[in-house]
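Pasting the structures here.
Two complexes are shown next, each including subunit A; its partner changes from subunit B in the first to subunit C in the second.
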Partner chain A sequence: MPGVASNSDDLALIPHSPTNSHTIALHHTVKPPISRLSIAWARGNSLRVAVIRKPQAGESDDEPGGQVVEVKLGVDEADIYEAQWRRIAYGSVTPFAVLQSRKNLNTNAYNADLPAYVIEYSREINSLLGNQKVLPDPVIEDPKTVLQRVDEPTFSKAAWELMEIFFADKQSDGWIPERLVDWLSDYDNLIHGEQPTIYSRLVDFQTELVNLQAVEEDPKYWDVLSAALAVGWLDIVVKLLRLHSSYQHNQIGSRETENGLVETVVVLVSKMPRLRPNLSAGKLGECFDNKPDFVKAWEKWRGQITKLDCSAFWLQCGHQDTREGLKKLLQIMLGNASVLSATTFHWVELFIGHFLYIRPFTVGMESMYNLAQKCMQFKPGSSPHKLMELLNGILGENTEVVLAECSRSFGSWMITHAIELLTAGSTQADILLHEERNNLGGICIEELHRLVYAQVLSSHALTWQIAPIYLASCKKQGMGLLEILLYKQPVGHNQVLLKNIEICRMYELDNVGANAMKIAGVHHWKHGKKGSGVFWLQQAQDEFRLNRIAQQLFDFVGKSVSDESFKQWEGLIELLGSQSKAAGGLDFLHKYRDFKRSLQQVTDIACIDAARKASEALILLMKNPSTPQRFWLSLLYDSVKLLNWKERTLLNVPQTNLLLNKLQELSMARLRPDFIEADLPPQALSSVRLALATNLGRAILEE
Partner chain B sequence: MAANNPETLQIHRIPQSTYIDAVRWLPPLSVFERFILLAVSDSNSDASLLEIRALNRSNPSILTPLSSLQLASRTSSLKVCQTPHKPLIAASSFSGSVRFLFVDNVEVGFDGSEHIVPEKSLHVGPISCIDLGGNELECVSVGEDGRVGLVSVGEGELSVRKVFDSAGLVSYSAVKWASPTEFVTGGLGFSVQWWDLRKPGAAVSQFKGNWDQGASSGIVHSIDIHPSRKHTCLAGGSSGTVFTWDIRWPQQPIVLSGAGQDAASARSLSASEVWEVQYDTFTRSSNHRISSTRVLPVMMCSEDGILAVTEEGEEPIELLVEPCAINCFDIDRQNPSDVICSMEWESVAILSRA
Partner chain C sequence: MEKALLTLEKGTISSAWNYCGQRFATGSVNGTLTIFDSVDPSSSSFTLTSKSKVHDTSIVKVVWVPPEYGDAVACIFSDGGFSIWEEVAEDPEHVQWVLCKSFEGNSNQAQVLDIEFGVFLNSLKLITAYSDGLVKVFELPDPLDLKNWQLQAEFQNVIDSVAKFGKVVSLSASISWNPQRGEQQSSFAIGFNSDIPLLNSTKVWEFDLDHQRWLPVAELALANDKGDPVYTVSWAPNIGRPYEIVATATNKGIAIWHIGVDANQVGRLSVEKVALLSGHEGGAWQMEWDMSGMTLATTGDDGRVRLWQSNLNGVWHEQAAIQPTT
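Moving on, here comes the complex of A and B:
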């Protein structure tokens, strides 16, 4: 918080302790002695340090007096991570913008299509966070590979999917438990901390599996089997059961009953009824999308399990481990709470087990929340985990907790985009997020988070241009901050300037765009790029500054324009145009060029047409109020040969009078102290006067 | 026209982790792979690089890095030219230097030899555009400082000379060779200048259309000249403007897009900056009577994310519509059906038309 400064460490917002300090070496090439260091924030997470040295006597001027070095803080973040983050930021622009415009289409009426739009948005954002694509299967399938190899899932994706399940996906409200089963199977590997999870146990077991001859002899085999069954990873259970050595050809004769029992359990597991519309490929179970059918199938399935449990075949099964292990699996499927609790590790695993085998019809947040609380009591000691805290907040229907968790653990990108899901999820959350708050300066929580995210985007050279999309969606402060953002961009660089103008065009900030052009115009002018300066000031229609620079240009012209160097001016004069009003007196240069050009063509007496044209141009110039006074004499001096034209007079009486009047005016002006004397030979004035008088005389005679 | 059918257009978007300043195809050096030249700038390390990448013909979504070279400053313009021995690369920078490099034919990569025109020797401040061509492999360069430079790339030393210096009274933003002795520049106010090295001192011809009515004026960002029609130059610039200027009829440009004076004949494809234009040799003109006054099909890319082919009096074909700017594209000379373009959001796209 700016302005909060304190002398005592107790009051400091971030307590400073010497152990926390971090040394960064500063590389510069400035020779000592260094007299001063100046430190300022640069873009993003970097500091700009100016190293200034004290000039020593007797040194050449070539020695640089200082250097500006940029120092990146927090360099330990991996490069690829940054790029990945930017990719997500870029990718989320379109879904966000599309959703906003759809929401804005009809703000008053209830938007019946909104849920469909929100889920579309959610899926698009979800796909940005990484695809859980299964890597291509090896050519020869290894029967002992139980776990499928998947790309490393991310916490953000897990969090997003959790919110999608509860807030956005209204269609699958009826089978939230099954969606949670899927969610856990994708992300169980993320929730382990100090405590193991089923996934970590499976991974451990898989490494041991290669060395095992008879898997059923190992108690771990039965442990992971029941654990995987408890959270509904049926495909893994079946795969593991098929590794049972009773399936081997040399044993099948002697262990027929045992093998029969194993296979019956396999069939029962793979026939488990599931209350969901479909299953992805490779997953097992029988789907039912309505309750009555499911209940019927469930009762039947349970009946089959009970029947098997009481069957006489168990007595004939000689292998004790197999018998006990399979019985345990049956107990899980029959929903024995204590067995479930014993086989799972984390409370969320137990939670899922309850959904699958004890309370498949759990609906409503309250019952889910109570169940979760109960599971936590059974499995205490789980270290706090960001995904679990988030799940807790969601189940407790506590929007504040969800917001706080999103913001604390996943950053501003997540919260800005997840708010769309939250507001779609419930009216209560919608009201909470859209309520204008006095303590936030009259903006709502939604706007606050968008502004923060836009600030993060603005701090990077590559993402600042997507910040306007988020700022524009903020009703109260957005446009003001957008203007500030645009004003902060360096305009000396053409690419940035054009981007700036483009954004101004899109958001109808004509005034800001014009100001950027003016700043750029002055910048270029000061750096000697006169053409660019004039161009941008013309684009901005800034007559005031054009007039100012016109004066400077005339000084320059007055000194330098010879017939030769007019070639240099050609481009600028073309740019100024002939009739454009915004040129601020600069159109004089255009006429001056025309006059000079026709004068050049007057080489001898035969060029009467050119001479006539030149004298017309002269009259035009002299009549034009924008012709600066300091050029009058040089113009007249240049045209002495026109005035003294042998054959006939080129200027009639009124025209000559006009020129004489101008000459008179000039003589008066010379008395003023600020008059600038043209760079002409001393006899120029008298020769012009003489020529004009002669011409007047001849013209009167001719008339 | 063929490209209109989405089934015949394959697009591969390849995300990068750096900003791409420029992208060019390299001439074919191998049967199995294609090669691409990228000028990138890494925002993390503030490094600018020139990279050669290999593109697998069978799987065009993988770009394998082959060779890379650190540059002192960001690349403002990048050109490739096939010489009798090996491809020559010229890259100009925002700090005013030009770098010439050769590509090794056998072990595809930079061959180690390079020539540099240092900063402030030819241009002060950013060089806006360069082009390779001319009599005996010359590089013409233009800059915001209003200078026009010419660098002869011989075997050994570079010879540098200034063709023109406007001392900042104008700025140039685009350049293209028209013939071994002529070239065309473009700049502010949609101005286009025709230069002839045999007539030194100033531009031979100036074109500045009468854009004052209606839409405001703009900057020419890119120029192309078709080798078979050297009298016509194609230019693209601000406000979605694409026009051609025929030096035989110097007062009338043919407007292909934007700057809506004649809205009926010129459909505006884009409303913002057109960053690059090239004649599209792949799209066959729908009008079979080939007349020399008719403008050949043109490809353009724009700030508002459009890559399209347009032809005089025809409905334009949009090849790509992106949510971000398309900064640069290149049509493969040997395989005109293939186009590579670079996007503002750190990615490149490879398009193959059939």
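Moving on, here comes the complex of A and C:
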């Protein structure tokens, strides 16, 4: 689960054995004694451990008190470097997302195009894993270079291709054995463990080759020849055979028969019938894409070999090693099981030999599995190997083993992406992976692995941005984890904040986005950047905090609304911009500013329009629930000259009643202990009351 | 794969990372609060940015205030008091840590053992556990002002409120706020390590909005284990499970509890103990859930970090152990 790469029996549906915990060493430089460890999870699955030292008496102050060490758990892909791993992680996003959207387009009915989509996906992922190294073509081909590698295979690529062969590539179901032959020729070097492999023997022989005068004198030559033939590396066999000294000009006269035999074997090897549609360039054999033609060719080919085997020319061949070596090659081509077994090293090599020369028509997983078991019995010494365990799981049609092996040996990236192949491969795997499980909190195994992978991606500042794509494909818990992931981003940094907001918009996580803006707003506000603080709080539509800021602004300008302080905070409000109208507190400040402006324009009795505007603003302010109560009296006191307007009343009866009610409410509020008195002259309340009463009387009379 | 992030000052005894892991606060034996910061979000190099003496006695615990309320920490002192310190600046160049609020402690009064912050419906709550077995809940009325706190509730960690007992001696307590965000109920779990068995077991408290009071909704202890001293409690994040998970550590080991979300007629939530894990001899000190709530990391007397997970069958087991080594 969360990326802890270990003996993950937790993925197998078998009861846990208590012995499978493993110990991770945490290296630090703290001198003993250690008093305690303090732990904290950072983003993703990084665990930070504070190793705290117990201070000793008489030590200098320079002695550190401990150290904090970060451990990234579940960092897998041992054969892939970090930068390369990130390239793969980024590269696999698009194929994954495209496949998901194609699957989602047609969820109910059987999607006839799905196999094509899956193989396209598989090939794209596979190409990411290939580390293609373009080698320059040699000007003069060295005839002694029998082995040529153009790419550097990785275990992940080998594992992916195995799964592609068995689960995704439905079109080549008919020639799985031949695909395995190709697979082994690409990856035989990876299964090299304590035991040698054919590849390792070839590499050894290649180094010796330069010093050999007559290769056929060296028994190793015949060994590697028959081994290479056993696993179908026909091009290498032909190349090696042509190194035979009988080809040399000075020898050809005296060794004509010998050379004829060698060349006949070369022709037979090159003409080997293969049950496959095609061969890549440079590979040998004759392809047949249907069984009847293949059988015909096969029987003819075998007949030719038998004929050669019984030929009288052997008696004329004077070179014993050549005679015996070539005869052995013929035995391999004739399918002699004991010779095959003797020439191969690893069980999978023997397995491939069987496909090629004994059972070319092997079909069906069961027979392949039985054959594999038989080969393992013949080659018991093969040490456990992750690719072999995986192959074994695949052949045994055991999805649990395949899952466990993927997770244990290849990590969360592999399993998350390989599940697409597994589910395409069989209905049984599809059911197993999509069944909702109570033990997992209601999610299926597929979702579990996507969550785990997303968590691995979240661990790194350069990959967390792609985690949402995988989380979005999780139906049940993806959004929950995405919310937490977003909440843990350092939104005090503007770029992170903007990325965060963008992701929130994309996945409609408005609350999470608003929260991030709120955190940023508060941070800026408290760190002397009042403008950005208010901006982000407005973006977050955090009226609660904006109201408090509005109140702080009042406090800032002082309790009295003198003309001088008005100028001071009018500038601040302008700075806050016009967008603040959505937020209550600043909305009030804006209204108040309008009110004060109109009031200031009322200089004499002629300014009736300004006076009317001011009284409208006053009513708006008093009606607005966001106007703080402690400001009511100041507002009313400022407006006394409007109430006592000589020409005519500016406020009608309902408006005056509204103000009177507010005044009454205020008188009641003054009885409460937490009431804050406005900084006004003591007679303020009574003069407002008198002005309101007078205005009411005049308004009634006027109406 | 490991990486050294920073070196601690001499005498450091407590530490805490902020919400995003970019700031690290440590408390020392002589009452010094030290802050380490990472300037760039993608780098993992930290530098010491502030060092201030905040008290005369040692800082036994540091807790960050939720980021919606600023960059602030609460420090618990060994004399039983605690205070809240905040980073503020009049202009971006002059950043300083200032004292917001001090909750005094002295030998005559009950000492504070643990504190925890929680955000619920636009309000910041501060849960405190005292050595006399009392739990106090404070509220912050003004979200921009960490100076004023109002006492919202005060109760004892017992299911039956009529229970009375004499003088309580409590060595430690542990509070864990339900980390789920959103419009759900606000709740927390708390357990004590005291000489009163009734008080000890971990209880889940939920705020009843209708009656404006805290109610115990679950007790995380089996009948025979109710008096066991609780060392630490940790509530797991829930990314979509139909139940909550809480881990509790007692003298018997680490227990994993599943808590149902719907209450029965008497207002209790169903609880199920799904695992009892042993590993740290002598008990666990600290338990931390990862962001998905799938892995529990614990530390304890044995000087190791242990990682626990559940397998596909729901069986909890130790997934790995981390052994510090020089």
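The rule we apply is simple: the second predicted complex is superposed on the first by the 470 of 703 C-alpha atoms of A that agree within 3 Å, B and C clash if a C-alpha of one lies under 4 Å from a C-alpha of the other, contacts with A are read in each partner's own complex, and residues count from 1 in each chain.
The criterion applied here is as follows: a contact is a pair of C-beta atoms (placed from the backbone, for glycine too) under 8 Å apart; a residue touches a chain by one contact, two chains touch by 3 or more.
From a predicted model like this one, the values you see are computed outputs, not experimental measurements.
Participant: Please work out whether A:529 is in contact with subunit B alone, subunit C alone, both, or neither, and reply first, second, both or neither.
Facilitator: both
Participant: So, does A:170 touch the first partner subunit B, the second partner subunit C, both, or neither?
Facilitator: neither
Participant: After lining up the shared chain so the two structures overlap, which partner does A:518 touch, if you call subunit B first and subunit C second: first, second, both or neither?
Facilitator: Only subunit C is touched by A:518; subunit B is not.
Participant: Please work out whether A:300 is in contact with subunit B alone, subunit C alone, both, or neither, and reply first, second, both or neither.
Facilitator: neither
Participant: Between subunit B and subunit C, which one contacts more residues of subunit A in the superposed model?
Facilitator: It is C that touches the greater number of subunit A residues.
Participant: Once the structures are superposed on A, label A:458 by its partner contacts, choosing first (subunit B), second (subunit C), both or neither.
Facilitator: second
Participant: Per the contact definition in the header, classify A:505: touching subunit B only (first), subunit C only (second), both, or neither.
Facilitator: first
Participant: Per the contact definition in the header, classify A:670: touching subunit B only (first), subunit C only (second), both, or neither.
Facilitator: The answer is neither, since A:670 touches no partner chain.
Participant: Given the touch rule stated above, what does A:50 touch, subunit B (first), subunit C (second), both, or neither?
Facilitator: The second partner, subunit C, only.
Participant: For A:70, decide between first (touching subunit B), second (touching subunit C), both and neither.
Facilitator: Both subunit B and subunit C are touched by A:70.
Participant: Using the superposition on A, tell me which residues of subunit A are in contact with subunit B and, in the other complex, with subunit C.
Facilitator: Subunit A residues touching both partners: 70, 461-462, 527-529.
Participant: In the complex of these two chains, what residues of subunit C are touching subunit A?
Facilitator: Touch list, subunit C to subunit A: 1-17, 19-22, 24, 28-29, 41-44, 46, 67-71, 86-92, 94-95, 122, 142-145, 181-182, 237-243, 285-286, 288-292, 294-295, 297-299, 303-305, 307, 309-315, 317-326.
Participant: So in the complex, the part of subunit B that touches subunit A is made up of which residues?
Facilitator: 15-19, 43-46, 125-126, 128, 144-146, 165-171, 173, 187-189, 191, 193, 201-203, 206, 208, 212, 216-217, 219, 238, 271-273, 303-304, 323-325, 344-346
Participant: Report the residues of subunit A in contact with subunit B in the complex, numbered from low to high.
Facilitator: Spelled out, the residues of subunit A in touch with subunit B are 70, 79-80, 82-84, 86-87, 90, 93-94, 97, 460-462, 465, 494, 498-499, 502, 505, 524, 527-532, 535, 538-539, 567-572, 574-575, 577, 579-580.
Participant: In the complex of these two chains, what residues of subunit A are touching subunit C?
Facilitator: Going by the criterion above, the answer is residues 1-2, 4, 6, 9-13, 15-16, 18, 20-32, 34-45, 47-53, 55, 59, 61-73, 75, 437-443, 445, 451-452, 455, 458, 461-462, 476-477, 479-481, 483-485, 487-493, 495-496, 511, 515, 518-519, 522-523, 525-529, 544-545, 548-549, 552.
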